[in-house]
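Chain nomenclature is as follows: A, B and C, assigned in order of appearance, with residue numbering initiated at 1 for each chain independently.
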Amino acid sequence: MVSAYLPSLLAGALTTLCLALSSLAIAIVLGLAGASGRLSRRPAVRAIATAYTTIVRGVPDLVLMLLIFYGGQRLINFAIEKLAPGHYVDVNPFAAGIATIGFVYGAYLGETFRGAFLAIPAGQAEAALACGMSTLQVLRRVTGPLMLRHALPALSNNWLVMLKSTAIVSVIGLPDLMQRAGLAAGATREPFVFYIAAGGVYLVITVISETLLQAWQRRLRVGTREVRL
Amino acid sequence: MNGQPILDNAWLFAHGLATTLGLLSASLLAGGALAVPMAVARTSRHWWMARPVWLFTYAIRGTPLLVQLYLLYYGVAQFEAVRNSVAWVALRSAWFCAALAMAINTCAYTTEMLAGAIRSLPYGELEAADALGMSAWQRLRRIVLPLAFRRSIPAYSNETVMMLHGTSLASVVTLVDVTGVARDINSRFYLPFEAFLTAAALYLALTFALVAAFRQAERRWLAPLRRGN
Amino acid sequence: MERLTAMHPFVVRTLVIALALGASIAQGADEAATALRVGVEGAYPPFSEVGADGQLRGFDIEIARNICAEMNVRCVLVQQDFDGMIPALQARKFDAIVASMSITPERQRAVAFSDKYYKTPNRMIVRLSAHLDITPGGLRNRRIGVQRGSINDRFVTDTFKFSEVVRYARQQDIYLDMIAGRLDATVVDAVAATTGFLSTPQGKGFGFAGPEYVEPSYFGAGVGVAMRKDDVALRERVNRAIATMRADGSYAAIQQRYFNFDIYGGKR
């Protein structure tokens, strides 16, 4: 009877994966923008970027999600009512989910990118400029790869955290892995089995992610040395 | 915007705040304390010390906090044997289950964070300690751990904020923390904006306090690593 | 250097968001014409639950589908946790709620209801061996579980002032905690409790206690389909659909599949 719920769980797992990947795309874009905003010389740009990061870091994902899902939808429709009465914009739960998670993790990625930018010795960029490279070339050949090496461990962490974060979308009713596990648990009165199964699926996705990311990190780390106690 | 129900229920938010802070401190203290010996084991060159810890952190970091929470609260209670055991005195309480789940969660992340900091120490420091004739224990206590703690400060500030956000999930297992109060008010008075914005404001205030404290710590203890800009 | 890197992400980001919003608008507008979006719960057997195949089933589900059929529109069922049902309706996530929602004066301030489509009494469930005294004083410091935002929530909060009211998103989770012994009691619809809990193997040892709760101010005039107040035309169509269902025997057919008694509740 328990195994009968397997197709339902797998469908939920697929939803979760799509949710995570779509959110990542949005988060990377927002993160790069946020990082350059934080490092900008113009105080106004810095202030906006800082406010973005601060608000997102200061409010739990769940609260933001509930706010965006119910409140945001109401706001949009209120505006649409004024502009084009009779029509409505339906932000489906999936869109609300990736918007929230992408928005939230854009801020975290921004911090990661900022830390990575700062970890690069200033001399590297200066030397590159002295060699006559343009600013874009410096970014592409020197700062970018160096930043990636510094950022990747934290980025991997961010991805894993974001993947887990998608679980809260179940609270607003999206039929992801968690929600389906919860309903199956209630119907069969066997919560242990189903939550272990759900955990197992997240773990599998994590293992695959980590393997790939570790390989990438190792490749970028060639030539440096680690501490072993 | 109708703020009256919020004001009428301000005492509820105060209670919720107390619950949130209680959960946060308990889990950070328990999890953090346990993470120190675990991080040392994790960076050991003996595989029988490092591997088990790695397995633990892997499993916990690879699954969402929500799953761990559900497992500890609903999953474990499913078994008659557990309900008749002495552990039930504690596991019966939603607060204990939530605090335990969060403590385990933060322990895993903090262990990895500290281990990473230990691994990134300049090898020269350890060689100098050995040259001065320090024992392994002295080297650990005087050089490795203090340096690792310092380097972890930025990352740990992130971790405490993550844990604060994690406490909002407690509302999913019947606890009435700040988010729980907001959800109750939303479903009773149909005021999503007022309820969730109030909750968001409270979390923001708490985060500000935490970040400010860590910024002070950074200023004091990370001075030598600061980049001149 | 920052200006260059800052420009491109901005453009890309705007395009992505515009595309996503555009796709959502397109989808929303298309659905408006030919379908009725109905909010349902999925965690309240036998009225609504998720079967092993991941599909929604139950009395509420079948009533919803039948109403759509009588109205000649496509049914789009949207799953939503109960405590967020009305806010979601007002945020236009769906146009009607078929989730065993009782018609109460308090709810009628926010939404409009169709005519009732069933009415059953609410009772308190306890562990029989506890021999509890079902009065506010008798249940002092006891833990009573309710579904957040439900009529039972309001009733228990107002009536059992000395008890600890514990709120859950799903009734199913309340049963889990009753079995585990974390709760002393819960107040719930008698029929839902019988088929969803008391007649299941884990429901042994539990039973009804205390009177039938029927105060209309809390428990309303039965269960109806909730809709936004300004959707007057929709309400008329739904009422006509319900009346037709009652008359042409399709209501009786659905009822027979779940209950061996009359759940409509006569003129109560």
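As a working rule, a residue touches a chain if its C-beta (ideal position, glycine included) is under 8 Å from a C-beta of that chain, and two chains touch if they have at least 3 such contacts.
Here the structure is a predicted model, which means the values were calculated and not measured.
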Original post:
How is the touch graph of the chains shaped: line, ring, star, complete or other?
Top reply: complete
Original post:
With respect to inter-chain C-beta contacts, which pair, A-C or B-C, contains the greater number?
Top reply: A-C
Subject >> Inter-centroid spacing, chain B versus chain A (mean Cα positions, whole Å) >> reply: 19
Subject >> Mean-CA-position distance for chain C and chain A (Å) >> reply: 33
Original post:
Approximately how many whole Å separate the CA-defined centres of chain B and chain C?
Top reply: 36
**OP:** Would you give the residues of chain B that are in contact with at least 2 other chains, written as numbers and ranges?
**Re:** 74, 77-78, 172, 183, 186, 192
Original post:
What residues in chain C touch two or more of the other chains?
Top reply: 84, 87, 90, 169, 173, 176
Subject >> Residues of chain A touching at least two other chains >> reply: 70, 74, 171, 182, 185, 189, 191
Original post:
So in the complex, which bits of chain C are touching chain A?
Top reply: 1-2, 4-6, 9-10, 12-13, 16-17, 20-21, 24-25, 27-29, 31-32, 42-43, 45, 49-54, 78-81, 84, 87-88, 90-93, 169-170, 172-173, 175-176, 179, 200, 202
Subject >> chain B - residues contacting chain C, complex >> reply: 74, 77-78, 83, 92, 94, 172, 174, 176, 180, 183-184, 186-188, 190, 192
**OP:** Would you tell me which residues of chain A are touching chain B in their complex?
**Re:** 54-55, 57-64, 66-67, 70-71, 74, 111, 115, 118, 122, 153, 160-161, 164-168, 170-171, 178, 182, 185, 189-192, 195-196, 198-199, 202-203, 206-207, 210, 225-229
Subject >> List of chain A residues in touch with chain C within their complex >> reply: 1, 4-5, 7-8, 11, 25-26, 29-30, 32-33, 36-37, 39-41, 45, 69-70, 73-74, 77, 87-93, 95, 98-99, 135-136, 138-139, 171-173, 175, 179-180, 182-187, 189, 191
Subject >> Sites on chain B touched by chain A in the complex >> reply: 40, 43-45, 58-59, 61-68, 70-71, 74-79, 116, 118-123, 126, 140, 144, 154, 158, 161-162, 164-169, 171-172, 179, 182-183, 186, 192-193, 196-197, 199-200, 203-204, 206-208, 211, 227
